[in-house]
Each structure stands twice: as structure tokens, then as C-alpha cells.
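Presented sequentially are two complexes of chain A, the first with chain B as partner and the second with chain C.
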Partner chain A sequence: MRMLRRPGPWIALLLVALAASAPGWMGAYFLGIFTTAYYFGVFAMSWDLLFGFAGEVNFGPTFLIGLGAYGAGLLNNAGFGIPLCLAGGAVVAVVGGALLALPALRLRGPYFGLITLVAVLLLLDCIVIFANVTGGEIGMMVPDVLSIDASVNYWYALGFLAISALILFGLSRSSLGLILQATGQDRIEAAALGFNVTKHKLAAFCVSALFSGLAGGMLTFYEGAASVDTVVSLSITVQIVIAVVFGGRRTILGAVLGSIFLILFDELLRPLGQLNTFVVSAIALAVIIFFPDGVLGWVLRPREPR
Partner chain B sequence: MAGLAEAGRDAGDRGRRATRQAERPVLALQILIDGFAISALYGLGAIGFTLMFGVSGVLNLAHGGIMLIAALFGWYFAAEYGAGPYGGAAIGILAGLIASYVTYFVVVRPIQRSRAIPKLEEEIFILTGTLLWGIMIQVGMDYLFSNNPVTMQPLIPGVVNLLGVRTPWNEVMITAVCWCAIGLLSLLVNRTRIGKQLLAASINPRGLTLLGFELSHIYLVVWTIYGLLAGLAGVLLASFFGVSSDNAGNLTASAFTIVILGGLGSVPGSLIAAYVVGYAETITAYLLAPTLRPIPALLILVLVLYMRPQGLLGRR
Partner chain C sequence: MHDEAPLLAVSGLTKRFGGLVAVRDIGFSIRPGEILGLIGPNGSGKSTVMRLVMGIERPNAGSVKLAGTEIAGWPTHRIARNGIGIVFQHSRPLHRQTVLENIKLALLPDSLWRLAAEPHVEQRARDIAERVGLGAVIGRRPPTLPFADLRRLEMAKALARDPRVVLVDEPFAGLTLAEVATFSELIDGFRRDGRAVLLVDHNVKSVAALVDRVLAMYLGERIAEGTAEQVMRDETVRRVYLGGRIEAHPRKELDVRGGEALLEVRGIDVLYGKAQALQQVSIHVHAGEFVSVVGLNGAGKTTLFNAISGLVPFAGDIRLGGASLRGRTPARIARGGIVQCPETRELFAELSVRENLDLGGQHLASEAARRTQLDWLFDLFPILNERQRQKAGTLSGGEQQMLAIARALMMQPTLLILDEPTLGLAPVILEQLSKALTRLRETTPITVLLGEQNVTFALPHADRVYVLEHARIVWEGAPGRFAAEMGAGYL
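This part shows the complex of A and B:
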């Protein structure tokens, strides 16, 4: 009940309500942008759980997203319904994530980063080599879509984002989040306190994989296709990194802000042509150097003195 | 490697033609020669990266971007301004050096000096910071030069017959330049005063400061050497395979892979790893299919990391 007296949950509820009313006053064009941004928000939050809390630079979020997206897409092409495909895609992502994480978590820092990067490169190669099943570089169409109505698609994305945010935020404030944070700061001490560091990191990786995979699958059914450029490419990884760092790492919710900023800015700066990525990266770099805690971290800082 | 995969498709095609025409011993020799040249270039591209990590603990994910700047400026001045291949190469190396300094002063040093960033998280911040900087370079180069692949004119024209294998003089020359640069670096590190300081900084930076050496001065030296090496590697790459601004990320991934495979911070390890990767790719391209080129090296990397996480010659 103490939760109800703090402003945080109410502000969040208000924001969700405001966002849910958006189809009433927002054009279809911007609804589409926000729909993409919300799925991106889930990617970024899942990544923040590993990066912000466990201090692991996972360069392979798109490995998990891609497994979820292509898993769901392949099942759909085999004739299964959307809910089953999403579940299947998520299972594929979690299994793939666990297979990657079990040995990879023995490694730390740059070694861990590289092995996750290699996983993405191998997935890319596999998609291109088995082009007759996956569509290769062109992408794979799926027969079903979530909905053809922009508002309904928007609500699906918002609901998915809200539920994921609730679960991931709750997890980050639970003992799992605290132990991960302790591990990220001092692995040896955390282990000396009796926590099974590897087990907790594996759990975090699997949760991250679950939400990444689900979001990848949802995005596939929103767009009606899964393609290397939208779910596997390394530029997606970079965008996730920018979103998390800009919004504020170790905040989970900041990742959502960062994603919305990123996707929105990408649209608004479209007149700049190719240079929009340059500007967005430059802004993110400036944030890293001058406000290393990100926007949300910076806003929350005065209230939580260290 | 993955980056050079696209650029190196030509070599692969040449290989397939060779399979049809040439007899087996010639093919083996050709793999031997081409693999040697490619590996030397990989080695040169990776040692700057590993030296930087060994001495200052920085993993520069803008590495591919810096090579790209050198390659594109070199090509541009050689072809459009008539500076000739050698003038272009010199300008390219200079561009690489400047890019290296900018990376240090604009991205890495502010992060190292920032008080808001805890020391424990510095590594993560440098990784993300240089990653973003690399993207900025790639997009900037794309804007200036478009992403069409460009190839610098060969430093020396002509073809030589090496034991029955027709090899361009350019390939021989590039291999020689790579090995000269590597040899010079080893002389510098092992025989000169400043080199010994670098070595000492990689072993124990605090000890070195206690002896009265200015660490920031040593870092500046490392970034200079790094810029020259990356610039040279970029120019040679443009002359050997050709480059496009799309390659930047993959070039970083290649260097990263080679360096991790060899063991972070170990220059000899990186050279061995460069040869393992170079030959694995060349053999795959010639004997299986050019499209499969990057895969064996990635699998080797995964296997080595699982069995020996510190890499071939890494220390922990």
C-alpha cells in the first residue's frame, strides 16, 4: 500500500492513459511511428536488464530478437496461428539465449561482448545461406498480421510495452535486480556473499531473451514481414544502445523514453537525409560524456542523493 | 574478416576460376600466397587495436571507422586530385592519424576524465562511446563519399610469376609493407626508450607513474602509433580489396575477432590469430564457396573462447 502514496506509479498510470488515448488525437502516421517505438522500447528495456544491472555489454540483442522474429515467422508460414507463433518464437529465443549464455557467461567484459556479437554474425550468415526458407537478405513475408487498423496495432504495442515494463521494472527492483547490480559492481564480493552469480545472470539473460523474442515476434506480425534490416542487423543493436544510454541505464523505464526519442527524432530529422543517424549518434555521444546517467537518471538524481 | 568478406569476393571468384583451370599443386600454392598476403594485412589492421588495449586499456570500437577514413581520403586524393598512389597513401595515413587524435581528445579522454562516470564502468562507457563515434564516422563518410566501393590504384602495376602462380606486384608489395611496419613496431617497442615505456605502461601503469613518467604523454604516443598503423592498414586495404563506407562496422568486428582470438593485448598473439583467420577464410573461399568465407573463422573463435577464454596468447 505504501506504493500508492508515492507519485511514481500514478505518473506512470497517467502517462499510459494519455498514451492510450492517442489514437483519438494523433494522425495515423505518428501512430505508426509510436507503434514501432513501443516495440523498440521493449528491446531496449530487455537490454538494459543485462547492461545496466548486470554490467554485461551484450552486443547480441538482435540475436535474441531475430530468433524470436524468425521463429514466429517460420511457424506462421507453417500454418500456425499468431498466439502460438509468438509463444514459439519466444521459446526459440529463450532456448537460443540459454545456449549462448551458458558458455558465454564464463567470459567477461569484452570477451562476452564479442561472443554475443559473433552470435549475431552467425545468425546473419545462416539467414543468408538458408535463403530458400528465410528469404535471405530480402526478408520473409508472414501470411497473418496482428491487425490492419492503425489504432488497434497501436494499442497492441502499448499494452505489450506496459505489461513488459511492469514486469521488467518489478524484476529490477526485486532481489534479482539487486543481486545483478551487486554482481555488476563487484562480482567477487557478490559471490562471497553467497549468491550464485552465474545463475542470476543466466536468469537475467533468459528474461531478456523472453521479452526480446516476444517483441521481435510482435514486430514481425505488425509489419507483416521479418527482415534482416529490421530485426537482426547490427544497426538495430546500435540503436538499442543509444536508446538505453540516452534514456538512462539502470532505470528500465528510461529505455522507453530513449526509444521514443530515438524513433521520433529519426523521423523528424528525415529531411537531413543520411545525416540524421549522424546527428542522433552525436547527441547520444554528448549525453554519454556530459550526462552519463542519461535523461531519466539525471532527472531522478536530486531526489536520490548518493 | 566478415568485412573483408564482401570486399574479398573478387579473390574468391578468382579462386573458383582457378579451381577449374589450374592443377592442384598450383591451387595449393595460390592459397598459400593469397592467404599469406591477406593475413599480413589482417595482422597489420589488428596490431594497433591490440597495442592500444595492452597499453591504455581502451577498446576502440571506432577502429574500422578510422581505417575507413584513411582509405577513403587516400583514394580520393590519389584519384581525384592527381596526387598519385604514393601521395594519396601519405594523405590517407595522415588522415588516419588525425582521426585517431580526434577519437582520443573528443571521445576517449573526456570519458576517462569524467567524474560522473565511476571508474568501474569506464570500460563500458568507452565501448559505447567509441561505438557511437564509429557510427558517426561511417555515416559521415557515406555522406561525403557515398557508399560505392572504391579501389585505390595499385602502388605498383604489373604481375609477377611466383612458382607458377600469377601474382600482382601490388600484392607482394602490400605484404612486404605490412611486415616492414610490423617489424618496425617490434623494434620500436623492444629497442627504444619510448617503446620500453609503452611496455612498462602495459605491465603496470601505476609503477610507471611512480617512476616519474607522465602517463598522459605515453597515451598520446600510443594514439600516434595507433593512428599511423590504422591509417597504413586502411590505405593498403583500399589498394588490395577496395573499401566502401558500409565496411566500417565489419572491419571493426574483424579486428576485434582477431585480437580476442590472439589474446587481448598480445601483439604476437594477434599476428598468429591473423594468420589463422586469414588462411581459414582463404581456404574456405577457394575450396568450398566464397559466400561461406566468414563462417569458419567465427566457429574457430567460438571454439577457442570456450576452451581458452583468454585467447591463444592472452594473459589473465
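This part shows the complex of A and C:
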């Protein structure tokens, strides 16, 4: 087993063990911050699969997240149980994502990104227009929550993050991930090697939508509400982009590091008042300028004699 | 062997881009074990033919048959699965993966459900690497490889799917002579495997030793077909590459032997990644002189001009009027008087003729100076006066070229660099352009550096000629001596 001799998996295992033991030594306040950060980590990983591997800049991750969150919330309000609501929300996200991606992927250049951006604005409008069922700008309460105990909520989030990371990271390292990178880098060359570029990109979009939608639903049942500010707003998109680029594009796991950094520091620097967002953004900007491959990308950079 | 049915049969292939007919009624066939060379100067449509066969572009008309199956209009990936492989000129491997992984990629099935490669893939990838000569670098990542190895990797990827037809775009571009021999051997190996091979290149010379037959194209049409020798001797081909009869009109009154050169290029080297684009190139141009640099496409003319304009990094020194240009920005070099009219023309297509010219005159001191310059240019190119309000993008090719030259002249250059102004122009237009250059040369003291592959166009105007071949200057002399000393070996 070559895997056992490399440090990477061991470090990952150590970090997971450390994270798993957190409820033993961390207060409820910080547990809550990490819980949010973990869901955010799944948003970011899903986005990196599209940006880092399929080479498509999706400005509408919150379209997928929002569909998952509101889909799950509406089902819950209709009386279904949480597992069924989560599954339903994920299905809504995947179907919505596929309907969006099918026409968008036919376009070249910046138009894919623009279409996804417009999709978010449309979703925002729909939520406001149908305020009687969605709660509009105030948000939609859900009758059920995952748990009222901070530790249990933390466990749910960590478990969900770990399983998502395992699947998405595995996928990125599989044959599929390799083909996806080829299509993202040069679609003509990939097609000339015999790969149906649209098929692979669409599949990546659906996988991204699945995990985004699930995470959106989970977050809704953690917070007991779905609101435009937490799952649809464009500022969420910006944070996802920063988290991925900061952590390391094309690494999947870097997206988790980036998310934890963003959310944790945003919270820690809260005493700075208005300045806190500025400081966090400045740090992120510095990392992006000086380490364009991100933190994890820099750590894992290929080292071999020239 | 010639009784065998062709593997690839193309007929009546036509492709239009808007109003431009890039490929018109092209047909050819290649049998198993046969190598066909498809040649033509830049803009002749040869690359478009290759892209049409591969399905990267969809033909407007015509048929492409692979072993009897009609594949015209199929998507690229389906054509690839059915047995056509392509070796691109520019390699874009996955940089984070090793050479072996890059080859394995090409061996994967087009499936969403196969998450791991089948066990035989690894061994097959190693075999292919060994065959193309990548065995020693199999674990390295592409950014650390020399240029020739990157080309080998492209070959390996094209071979992976065991294609029946292989298309190779400019097989020898950027390679050293020793590497050319190895790559010839590799391509010859395709023949022995019984594959049908299409080599696309600028000129016959580079592929002559390999090919069974050559098809020459110009302006989208077939101009000759036959063995390499036949095509090289063909009158039309010679006219396209060399132009018609070679003439020279040396100016008697110009005497520049004494003074210091206006432009002096001293032993410069340029590397594109790992490909040597210029090697120890030295030229000089005196004030008032008209110097032509001739060479086939790919010889390095554009690179030389881009080095002078500060657009590519180089080793060596370039001096204008005694001062080194090293470290100056392209904008500063242009304001300093070296104005380049690039082969791609770079007109602002959405702006009118007049607006394009006005942009060129932005740096002139006064409105009066702009007006004088403009009047002089309209006198030199009357057609531009008539077309002042027309959008530049809607002009014909010849008019666009004149506008590009005029815009460059608006900047009142001390040295005007013209990079292949004849690119893609019909013969009748060439004559108009040639007349304009003659007038320019006879009525003004302008200094011109002209790059051309069309010798007949380049020679009549020139006071002195350089021949650039394979990144090196191989000949320098008066245009009158060109025919005798270089005429035969040029093609």
C-alpha cells in the first residue's frame, strides 16, 4: 500500500480526529461557528469541482444551494420528515441545475458564467414574488430542526462534510476527474481524444448541484430557517469563490480550509467592527496574489528537479 | 497496395466563414500505409481542412468518409472514437499530472461510470511512452520537459486510441535537425503500422522526404497535386511561393555604405518555451533603406519583428540610432519611431476607416500635422479616401491591408516594419499593394523593413535582402543576386 507511506492521508486523518474531538474541549459558541463553516466547506468543494476541474466559472452556486434549501424547507412545511425533505431538496437542485446547465454549456467564453448569474437573480425574484409560501425577504421558518444540541449539530455537520469530502475528493482523483480536467483545460483537445465534453461537464454540474443542494438543505434544518441572506445572496457566492481560491483551486480539500478560515476569522475579528470583513478580505487577497495556487496548492506544489 | 480502398476519402469539402470561403471543393484520399502532405502558405485553408476532417469545424458541403463511413458533421469525440487521431502543433498537457498519467488519460473510455482505469491501461501507456521515446521521463511533469518531449507526448496521446488515420499539424515546427530525424522516423512508423497519415505543413521542403503525395492549397483551393518533386516543380506552386518572375529594381541614388545603421540587431536569440525561434540573428537597416527579410512561414520573421518591437523577450542586443532598445516597453519603442504593421493587421473592426486612421495619429503634435499626414495618405491610398466612413471590418482583404499600412504611417515612423502584407491576398490585389509600396519608396525618404515569404513581392522594392531559414539568417545580398544564389534552394 503506497498510500500508507505518504504523509497526506495521515495528516488528513489527524485533522479529522482533532475535529471529531472538538465537542469535548470547545465551547458551544465555537462549535456553532465550525458547524456553519463545515456546511460552507461543502458549498466550496462543490464549486471547486466545476471551477477547478471542469473549468467552468459558475456564478450561481447559490442558485443550486438555494434550490436545495428552499426545496427542503417547502417539503418540510408540507409535513414531510427531514430525510425525505433533504432528498427532495437535492433532487430539486440537481434537476434545476441540469435545466440550467444544458443550454448554458452550449455557450462559449463568459456566457456560461453570465447565465448562472442571471439564474441566481431569477431565483431571488421568485422567492420575493411568492413571498406567501417562501417568506420572501424575511425568510422561511421550518417546523423541524436537526437538533437543539450544539454538539449533535456539530456531529451532523462534520459527518456530512467528511462524507462529501471523501466522495468529491475521490471523484476528483478518479478517471472521471482526469477527463474533467482535460475538458476544462482544452475542450477541443479533449474531444479529439474521444471524450464527449458536454456529457462530462454536465455530469460534473449535476454532482456539484447534488452536494450544494444537500448542504443547503442541511443548513436550513440546522438554522431552523432558510433565508435569502444565508443561502441565495450573491455575497455568499463571493465568499465561496474566495474560499476556493484561497484554499487552493483544483484541490477540493483546500476549499474546506478556505471556508473555515473565512468564517472563523470573520467571527474572531468581530471586535474590529466594520473592519473585520476588510481584514479578512485583505488577507485573502494577499494569499491570492502571492500564492495564486492557494494555500493547499502551494503546500502540494510539484517539487522535482528541473 | 494501391488497389486497397482508401481509409480516408474526402471530396467536395467546402467551408465558409461569413463571406470568406476558407476551403473550396477540396478532395483527396489516403490509403493505409500512405502519407499525404497537405501544404499551403498561411491562410491557405490547410489547417481548416484538418479541422473539418476532425470535426472541430463543420463543413458547409462535401463528404468525409472514414473506411466507407460518412463522418462529415459528426462531433469531434465521435470521430476520434471511430479511428482518427490528431497531433496538435501546440501541446497543452495537464501540468499537474505526470507524463504517464497524461498518456493514460488518452486511453480512458468515454464513460461516466468507470472511476478507475482498467489494469491493462497502465502497461499500454508505458508501451506507448517507450515507443515515442518518453520512457525515461515517464514520471516527470510536463512543465519540466524539453520542447521535443512535449511534442512526443502529443504523438503518444494521438497514438493511444490506435487510430487508423493520423493527422499531424506542422510535425517539425520548432525542432532541431536531429529531432526532425527522430520525428520523421516516428511518423514513418505510422506508415509501417498501416495507418493513413495526413501531414499539414507550410511548405513541401520540410515534408518532402516522408510523403508519398502532396496536395498544395492556396486561398482555399487546390492548386497542385502529385509527388513532392512534381509539386515543387509545379508552375502555380512556384508562383504562389516565389511569385512570378523574380525582378529587382535597385535604387541607384541610395548610398548608405558609410554611415551608422539606423537599426542594428546584434546576434539575438529568442526561445518560445523550449522551442528556438531565432538563433544568433543579426541584421541592420540604414536610414532610407528598404530591406526585405524573406523566408517561409515559420522561419522566424514575425518573431524577429516582435523582438524589435519589444513584444517578445530576447537575448542579444537591438539598437535604434545607437541606443539600445533593451528594457523599453513596446509602447515606448513605437513612440520612438519603430512602427510595426503586423501580419494579423490588428485593425479595430468595429471602427470606421477614418477612426482607425485617427487613432494612429493620436501622438501627432497638432491638428494641422494630422491633417497633412491624412491628406498625404489619402493621396497614396485613394481607395481609403472613398471608404472613410465604412467599418474597417467590412473592407476587403486588400483594403484592410492598405488601411493597416496607412494607420502605421499615420504615426510618422522612422522605421516602418511590414510583416507579410501579402497574407491571404489575391494576385490582383498584390499588384495594387505593390504599386503603393513603389510610390511610397520613390516619393518619401522612409525606412522600411519588410518580411515576406512571397519573394516576387519582396524583391522589386528591396535595396537589400536577408533570407531567414529555420530561425537563422542564411543569406544576405542585393536582390539582383537572389535568383542566381538562392532561387533554387528557397522552396
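Rule of thumb we're sticking to: the second predicted complex is superposed on the first by the 299 of 306 C-alpha atoms of A that agree within 3 Å, B and C clash if a C-alpha of one lies under 4 Å from a C-alpha of the other, contacts with A are read in each partner's own complex, and residues count from 1 in each chain.
The rule we apply is simple: a residue touches a chain if its C-beta (ideal position, glycine included) is under 8 Å from a C-beta of that chain, and two chains touch if they have at least 3 such contacts.
These numbers come from a predicted model, not from an experiment.
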Requested in this report: Using the superposition on chain A, decide if chain B and chain C clash or fit.
Outcome: clash
Query raised in the report: In the superposed arrangement, which partner chain does A:Thr277 touch: chain B (first), chain C (second), both, or neither?
Result: first
Query - First (chain B), second (chain C), both or neither touched by A:Leu176 - result: second
Requested in this report: Using the superposition on chain A described above, determine whether A:Gln185 touches chain B (first), chain C (second), both, or neither.
Outcome: both
Requested in this report: Would you mind checking which one, chain B or chain C, touches more residues on chain A?
Outcome: B
Requested in this report: Once the structures are superposed on A, label A:Lys201 by its partner contacts, choosing first (chain B), second (chain C), both or neither.
Outcome: neither
Requested in this report: Based on the superposed arrangement, let me know which partner A:Leu121 touches: chain B (first), chain C (second), both, or neither?
Outcome: first
Query raised in the report: chain B has the stretches 80-88, 134-142, 188-196 or 278-286; which one runs into chain C?
Result: 188-196
Query raised in the report: On chain A, what residues does chain B touch that chain C touches as well?
Result: 185-186
Query raised in the report: What residues of chain C sit close enough to touch chain A in their complex?
Result: 54-56, 75-77, 80-81, 85-86, 88, 92, 94, 96-97, 101, 104-106, 108, 110, 112, 114-117, 140-141, 143-144, 157, 160-161
Report summary line: Within the complex, chain B is touched by chain A residues 51, 55, 57, 103, 106-107, 109-111, 113-115, 117-118, 121-122, 125, 128-129, 185-186, 234-235, 238, 241-242, 245, 273-275, 277-278, 281-282, 284-285, 288-289, 291-293
**Report entry** chain A - residues contacting chain C, complex
**Finding:** 170-171, 174-176, 178-179, 181-182, 185-186, 188-197, 199-200, 203, 250, 302, 304-306
Report summary line: Residue set of chain B touching chain A in the complex reads 2, 59, 107, 110-111, 114, 116-117, 120-121, 123-125, 127-129, 131-133, 135-136, 139-140, 142-143, 249, 253, 256-257, 260, 264, 291-292, 294-295, 298, 301-302, 305-306, 309
